[in-house]
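Mind looking over this structure? Questions follow.
Chain naming follows the written order as A, B and C, and within any one chain the residues start at number 1.
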Amino acid sequence: MAKDDIRDRETVTPADVLGGPTRRRGLTDFMPRKSGKLLAGLVLVVGTLLFAFLGPLFTQNPRNSDNPALLPPGSDGHVLGTTSLGRDVLAQLAHGAQGSIMVGLVAGAIALVLSLIFGILAGYVGGWTDEGLSAFTSVMLVLPGLPLIIVLASFAQQSDALQFMSRSLWLVAIILGLTAWPGAAIVLRSQARSLRVRDYVAASRVAGEKPHWIIGVEILPNLLPLLAAQFIGAVILAIMNEAGLAYLGLGPSGSITWGTMLNEAQTGAALTRGAWWWFVPPGLMIALFGCGLSLINFSIDEVVNPKLRTAPAAVKSVRKAAKAVAEDEKKVEA
Amino acid sequence: MSSTREPEREPVVTRAPGGTPVLTPVLTAKNVSIEYEVTPVVHAVKDVSLTLHRGEILGLAGESGCGKTTFAYGLNKLLKPPALMRSGEITFHDKNGEDIDVVGLDGERLRAFRWDKISMVFQGAMNSLNPVISVKAQLYDIFSTHRPGMSTKEKKAASEELLRTVGVDPARLGSYAHEFSGGMRQRVMIAMALALRPQVMIMDEPTTALDVVVQRGILREIMRLREQFDFAVVFITHDLPMLLEISDRIAVMRAGEIVELDSAENIYTNPQHEYTRKLLSSFPSLTGDRGAFVRTGEQSGEVA
Amino acid sequence: MSVLEVKDLVKDFTVRKGLKRSKLRAVNDVSFTLEPGKTIALVGESGSGKSTVARMIAKLETPSSGEILLDGVPSATRGRGLDGYRHDVQMVFQDPFASLNPFHSIEHHLERPLKLHKRAKGRGELEGQIHALLERVNLTPAEVMAKRRPHELSGGQRQRVAIARALAPGARFLVADEPVSMLDVSIRLGVLNLLARLQREENLGVLYITHDLATARHFSDEILVMFRGTIVERGPSDEVILDPQHEYTKLLLSASPDPGNQGRLRDEVRAELAASAAGGTVQDPGRDRFGTAGL
């Protein structure tokens, strides 16, 4: 058991003062620190969200094909031009943002719930429950992701039972969610196993707390940064995978996402026609939104792993001391 | 050239006929101040002066964060930034009569000095053995670095002799750290510190993690080796009763300062500083009378 | 008269080494009776099984065999019976840095047991009880302390919170597993004295688990010495310490530092060396009776 806390020690070494991995933890430590990384990430993500939810108010119907086909950007009030079917790219982009983000959030939420069930439950309960749940998790983990998604998606298209939601945005989101959880579950399981044997969990048991309370109130809050990071990771993955599926023609039909835009651009031979304004914007949006979410995730990572956070400060104070030594030596020489 | 092959060193402490040793200093620290250059700056050691005599066991007692480990690191020039020695002199008085300014050492001379003249047993030393290298390789490494002329055969003989000295079966020379128990690892660490027959050994909480019976065995070993090889020991711990048993003199440290420095006997029977008295009163006597302070349910010690 | 009785307690752990499974007996046939107002010290080195006894009494481990009787009735291991048992038997953990949840305030740590054991009704009464508990363990001003988080307190203060939490359900028996070994030396006696005062005020039965013979002697009425899962010696604390019968107790005693022993070790070593120099060997065969020389 890692009992390595600066306050337990009889003496303080440089690493302690710098607050390596053993720094004190308080509630404020659960919040990401303000940094350039976090700020840039927030700007990108909030910007994309605003665009997704306010954009459609100012654009025309994305399915309106009354416009001239393949107008270049800027012409005739079409800021990003039109597609070969005469649809406004900006309008498609804004509606596609909604679609993609919805897929991401729904899939992320499903993955989160599943990883909680398979990870925390397995880790906390232990025994045969753990063996069973982890075995299943491991099997899911080694199944190759994208092929599985493709198989599931094409199966769902054929299936009569799933006809009612056939190829809807929701179906794609659910499939993506169902395949995105095993990695997170394995991390959560090991975390839960380590937290389970902490004295404060034992103390709660002695106080008479029930298991569901211990998991929900004593263990989960300490995992919040990790859960947040995993959720964001799942959202990024789902948006990317949706784009991949849609590009292969297995995306949601009847809805617009960045992925379906790319697919249409592909089938409409945008590349050979030189209609870059058709496929560059959705590609760029996916990249920027993913980048923004990743930047936020890096900031959360620093909370989960304090080593990352204190590293710059440690380097700085070491440099400061080294400088002071050099100055002293200069003084001696002079 | 290789002092390890000397059967035994001549005792350096000359004892007067009455049995009282004539004290010759081996390590002098003068007005040492050490800071941690973090924000805000931590003054870990404030203007500490200390003289260590040949063959003496000097106890350094204090609680968490009082600066005792930082000071010990400073004595051996082991401080790394952000720790910074702001002022002070540390002089090592070699047995050949040469005085070495420890603070001024650097590069090759510092490397040659460390371990050869002053060695260290670190806090939690049980875990400072390299887990992927055998004990043999780690001992050989010391000899190759400091006694480049030694042949493999000589190294083997010297290493086996060392293990025998600290009470470890020499047949286990090829073992790895995880194959030893905690107490045995600690003995191996002491063997490594002894390897070059240093004149000073700094021991930082060498027995804190061990059970009392094992601890006693190791203390006994240290005392015995001290009698044999006559090195001086700076023994750092928070366990004052243990220091009272083994030390010749004790320095009590608090908040970076030595508040009292006296013979073990005087510290026990006639403590001058209030903090010394407080520390002493923190340890009820094992076999003596039940003190009035014990189990009265009255508040003593820390309040809130 | 209420008593907590431990009867023939045994705990085996299964040790898996590769495919081989073997049994390790951590606790072997331990019995004692804890009475209100009395303190029993369970003394032993690491690995002696003393903490396992504590965890079994706190119902964190299930005994392999044997019984824990509360007021003569075998105690439950689940359900409502267990809730009732926890109402009477509480535990203070060794490491105050680990036993408080870093996420929650001090208030939360005391509020939960008060609520679970229905000690207070309504917000006002609850708060009053929390403050009263904090004052009883000398954490004042209580209103300020209640709002703090564990990382804002020192080790001693944290351990006081842990003691307050153990008292919150209105426990009659307290298991204190090395309650001061992680604290700075100068505050240890303060915490032990606090425990002693609370014990007297509430007429608590305390099981004090420790490796420190000196505090065991001064803070308990009876001492049980444990070695490799078995109790090798038991008796009134002064008798055990001043007139030990079992070899292991003697060994422990001779190894424990005592401030009054200054220089004794040095003189012994010198005498030994002098004797061996004179040609005699001073290998005391009795010294390694318990296989500790190899540790």
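Worth a mention:
The definition used in the following text is that a residue touches a chain if its C-beta (ideal position, glycine included) is under 8 Å from a C-beta of that chain, and two chains touch if they have at least 3 such contacts.
As the structure is a prediction and not an experimental result, all values here were calculated from the model.
Chain pairs B-C and A-C differ in how many C-beta pairs are in contact, and the one with more is B-C.
Chain centres here are means of the Cα atoms, and by that rule the chain farthest away from chain A is B.
With each centre defined as the average position of its C-alpha atoms, the distance from chain A to chain B rounds to 52 Å. Chain centres here are Cα means. That of chain B falls 32 Å from that of chain C. Each chain gets a centre from the mean of its Cα atoms; for chain A and chain C, those two points are 46 Å apart.
Contact with two or more other chains is made by residues 63-64, 238 of chain B. Residue positions 7 of chain A each touch two or more of the other chains. Within chain C, not a single residue touches two or more of the remaining chains. Those residues of chain B that touch chain C in the complex are listed here as 63-64, 167, 181-184, 211-217, 219-220, 223-224, 227-228, 238-242, 244-246, 264-265, 268, 278-288, 290-291, 293-304.
Interface residues of chain B facing chain A in the complex, by the touch rule stated above, are 36-39, 42, 44, 63-70, 79-84, 123, 204-205, 208, 236-238.
Only residues 3, 5, 7-8, 24-27, 30, 198-200, 202-209, 218, 221-222 of chain A touch chain C when the two sit together in their complex. Those residues of chain A that touch chain B in the shared complex are 7, 9-14, 17-18, 314, 317-322, 324-325.
The residues of chain C lying in touch with chain B in their complex are 45-46, 138-140, 156-157, 184-194, 196-197, 199-200, 211, 213-215, 217-219, 238, 241-242, 251-266, 268-270, 272-273, 290, 292-295.
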